[in-house]
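Lettered A, B and C in written order, each chain numbered from 1.
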Amino acid sequence: MADTATTERRTLWGFLTATRGRGRLHWTDVFTYLYLFLGVVLMFGPAVWLALSSFKTQSGLLEFPPTLLPLGQIEVEVEGYDEPLLLFDVTMEDGSVRQLAQIRRVGIVAQMVDPAEPDVRIDVPIDQRTATREFRVAVENYTDPLERFNFLTFLQNSVIVTVVATLVTLLINSMAAYALSIYEFRGRNAIMLLVIGTLMIPITVILVPVYLVVTELGLVNSLWAVILPGAATPTGVFLLRQYMLTIPRDLIEAARMDKASEWQIYWRVVMPLAMPAIAVLAIFSIMWRWNDFLWPLIVLNRSEVYTLQIGLNAFQGELNVQWHYVLAMTVVTLIPVVVVFAFLQRFITTGIASSGMK
Amino acid sequence: MKSRMLAFASVGALALGMMTSAASAQTELRMTWYNDGIEGEVMQDLLDRFEAEHPDITVSLDVVPYSAILESLPVQLAAGDGPDVARITDLGGLSEHYLDLTPYISDPAYWEENFGPFLNWLRPAGDDAISGFMTQMTVTGPYVNRTLFEQAGVDLPGDGATWDDWAAASSQVAEALDIPIPMAWDRSGHRVAGPAISMGAHMFDADGNPALVDDGLKEMTQRLYDWHQDGTMAQELWGSVSGSTYLGANEDFANAQVVLYMSGSWQIPQFAETIGDAFDWWAVPAPCGPAGCTGMPGGAALVAMAGTEHPEEVGILMDYLSSEDVLSEFYGRTLFIPGHLGLAQGGIDFDTDDPRASHALEVFAGAVPTISPIAFELQGYPNNRVMFNALISRLGEAIVGELTLDEAYDRMTQDVEQQLAEQARDN
Amino acid sequence: MAEIRSDEKRSPLITLAAMPMRAVGAAIDPVFKTAQRVVGIGGMPYIFLLPNLCFFGIFVIIPLFINFAFSLTGGTNLFLSDRAYVGGEQYGFLLECENHFDTSSCREDRFWRGITNTMVFVVFQVTFLVLFSLITALILNRKIKGRGFFRAVFFFPVLLSPVVVALIWKWILLRDGLLNALLVSIGLERILFFVDPNWAMFWAIFVSIWAHMGFYTLILLAGLQAIPPDLYEAAEMDGTSKERVFWRITLPLLWPNMLVVIVLALIRGVQIFDEVYVLTGGGPGTATQFMVQYIYNTGFTNQVQNFGLASAASVLLGVVLFILTLTQLFVTRRRDRG
């Protein structure tokens, strides 16, 4: 039984005395901070790298070694040339380095010109020049696809699916969990066994049968086809039931004495008490639905019902994967996750810790 | 009471909003499409113009990832939930779902004349249905980094050079300039088939049944195996994924890490964009073997589906899209090799001023007449993907050392037999 | 164990949501009241279960039966009525081996390689997942600055979709990726991670641990925080060493949570698919091709979509998962009693 006040005090106390302690560092202290440092690098680093890369141009992505920041080659206007020319750093024969603009390249020789003296043409072997670059963000990786597609429609569909599916899931799962945790009735064990037995069946292996059912119901190409099949999550029922088991029976008996209907007991007494577990399920449901890809891809084939995940993955062609778009669109789908996480992280982490997942 | 009304009203509004497509006087057609590059934008332009000319028809372009074309679309078609028109690559395999457009198009003779050989790919049953046309014809063949050849002082092998010549020359260049990958091939059974046919593979037995493994095929696969062992080809491309997963080396080639890259005509628009004039990427004619110098033809087709409720409108749409000037614009802007005989002969005005791209388009378009009849037959065979997949997945397993080459040959034969047997159960 | 935490300060969000919630509850109440009048209190659990069971029946139970029926048929047709009945042939085909200890002697060698790969994956993944979750939980349970921040850092990947997780890492591990750039910059050779079967398996395991560790860490953290502090205080007064405290107090009291973590990780490990599919594509060769990917390939990616064989394989997978789940049930039951 962890008492809040002592927890608070302990944390505060710990914070104040963290390094004073016995006056010397135990090896575990060093290890702790080393581990945490590595953890931050390893957990955040990859996502940050993805975000940085998504701002690089298509050719910038192909470079090795990759540059940390997105760079683009500088273009200059040179007198006498209609198009802007690309700027290079050129190592001259005498070893000096000059900035020249390239007119054209012929085989292994580049014809270049000094922007200051546009009349003199200089021939340079191409391995003597490197592109002069500056920091430039390839915003077009984002804007191109977003302009080309009905981004707002996709977003709206994703939001509808996520919100409606989460509400349906929360409602029916909590009702079932309520029945399974509060009442003694015939068949309860059988139903529990059913729930647990199917807890672990990956949807991937029953895709085709579920598709047949959805077809029979005439739901293909409607958002309901995405919302309904996953609504009765065994995970949710299990999690909520475990939590509701910890609710004192006296509260329910007292409510019955007050002539509350069973629905009122569920809605006004049990649900508020089960909030931490419901919050956990809500967050998981939001993540599941938002990230769902394989299933919507099969049941939705009209662009007006596409969710973001399908719409943004249309860049995977037969022969070319357009990495610059793939990375950018991955970041776009990540943004809501990060936002939700930033706002709710305290809720999520303490919620799981205090819910029945133990 | 009021709150209940409110709840009901909002649920109702939500439900309405989620129902698909409201009824209207217009006919709506659905076109399922995938993109390798900018072709989706071009098609959208053309459709906008079509809609302006035919105010009673709207066409919606549903862009999906390519994997959905291969994996989800067949299931959707089988369940009767498919689109009206789709861009597909499994030309023969999906033919049971095609609509015969003959009664709905204005001039079937125009179709026969200009799409004749490709129409056969769409009708493996041997009937005379007209179901669609090629959005692009593709030809497989190698590109070389000519700049690297020049820097290394190695001459490009000339006409009639064999695969061995090219492998040797590429290795020489790579060695001279310290390039990591002398030669790279797309990881695809389709890519291997052309060179194998050049080596004398027949692909079918005398009765026309698939016979994947023969001496000609072994000639080629043995070489591929050896090239992977001696470093001419990099393990990473073929070795790094499993099954029939496609992988290209276009990024490595664009990064000048590859001397010779065996791929196909569809890379042209991408190379023009990513490589530009950074080096001379040069398409060369298909290298030779004892039985010829052939690539594989291929491509994607836009086909009408039998499940449509508006065949007349689909006919009007297909008439429009297949008309000479519209198609000419489509091929020209997408840099696709035309799948239209008239346009192929007359030449397309390609929308590029990159000399390398123009040269590559010339080379690939010029390779069409040299394609072996076996290659055409294989491309038209409805179950060709069964053969390609068996070939590449088992060869891949041999190259990483999970199987010996001989075991791989047995498994290839077995895989093809098993899948065809499974299909035969339908009857 | 009954414990209702009141330490969550009511967020304004909840207070705000409470008002319409009450209205919705009041709106539905009459429906249930009528039902309660008809069936009585004893019948109410069935009413509450009904919606969930309906959905469950339609979208899980019926498909499971269809799936089983599929496994007894052959051909490529989608609708069951069009498919040819073949009895146990698909199972026979999967299980046919000359020598069951040599996967390459089996008719369907890929199925068996899928099984052996999955076993290797599960053994290593679960071991290290539990190990690192435990270390992380122990560290996060210490009195450190910014604990909330670090807890969030380790939990963050749990929220990413498997496709995104795989893309993030693929982008780092490619031949020209960040990791190779680092290796080259410190003077080492490039490593082609997806070409070497051992490296590929290593990264498949690593990435799946990266993605899921946060979840298990939190479960263990909950267990650690439930250990009464006076036990530690008593130990400290006795001058017991930290190591001894860990082995004698922490670990035994954490053991129930550990068991749950192990079993959950086992079950999820057997189901591994999306992340690895996008990351390695199952390669090199078939080195990281697992059970679920075999099923997916057989039913979907092959040109001849072999639903029968895929279903048979998934029924076999289901049996394995069912046994694991029963184990979990058994373990939790025993824990609850103990």
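Going forward, a residue touches a chain if its C-beta (ideal position, glycine included) is under 8 Å from a C-beta of that chain, and two chains touch if they have at least 3 such contacts.
All values derive from a computational prediction rather than experimental measurement.
Asker: Could you see whether A-C or A-B has the larger number of C-beta contact pairs?
Answerer: Higher contact count goes to A-C.
Asker: Which chain wins if you rank chains by how close their C-alpha centre is to the centre of all protein C-alpha atoms?
Answerer: It is chain A that sits nearest the middle.
Asker: Using mean CA coordinates as chain centres, what's the chain B-chain C distance in Å?
Answerer: 37
Asker: What is the distance, in whole Å, between the centres of chain A and chain C, each centre taken as the mean of its C-alpha atoms?
Answerer: Roughly 18 Å, centre to centre.
Asker: Round to the nearest whole Å and give the separation of the Cα centres of chain A and chain B.
Answerer: 32
Asker: Among the residues of chain C, which are close enough to touch at least two other chains?
Answerer: 78-79, 176, 300
Asker: Which chain B residues sit where two or more other chains touch them?
Answerer: 67, 75, 79, 251, 255
Asker: By the touch rule stated above, which residues of chain A touch at least two different other chains?
Answerer: Expected reply: 62-64, 208, 212, 313.
Asker: Could you list, by residue number, the parts of chain C that touch chain B in their complex?
Answerer: Residues 23-24, 26-27, 74-79, 82, 84, 86, 104, 107, 109, 113, 175-176, 192, 194-195, 197, 200, 280-289, 297, 300-306, 308-309.
Asker: Would you pull the chain A residues touching chain C in the complex into a rising list?
Answerer: 1-2, 4, 6-7, 10-11, 13-15, 17-18, 26, 28, 32-33, 35-36, 39-40, 42-44, 46-47, 49-50, 53, 62-66, 171-173, 175-176, 178-180, 182-183, 185, 188, 191, 194, 196-202, 204-210, 212-213, 217, 228-232, 234, 237, 246-248, 261-264, 266-268, 273, 275-276, 287, 290-291, 293-294, 309, 313, 326-327, 330, 333-334, 337, 340-341, 345-350, 352-354, 357-358
Asker: Would you tell me which residues of chain B are touching chain C in their complex?
Answerer: 3-4, 6-7, 67, 70-71, 74-75, 78-79, 90, 93, 234-236, 239-245, 247, 251-252, 255, 383, 385-386, 389, 396-397, 399-403, 407, 411, 414, 419-420, 422-423, 425-426
Asker: Taking the touch rule as given, give the residues of chain B at its contact with chain A in the complex, in rising order.
Answerer: Its residues touching chain A are 14, 17-21, 30, 32, 34-37, 40-41, 60-69, 72-73, 75-76, 79-83, 89, 146-147, 150-151, 246, 248, 250-251, 254-255, 264, 266-267, 270, 273-274, 277-278, 280, 300.
Asker: Which residues of chain A touch chain B in their complex?
Answerer: Contact set of chain A toward chain B: 58-59, 62-64, 104-105, 107-108, 126-127, 148-149, 160, 164, 208, 211-212, 215, 220-224, 297-298, 301-306, 310-311, 313-320, 322-323.
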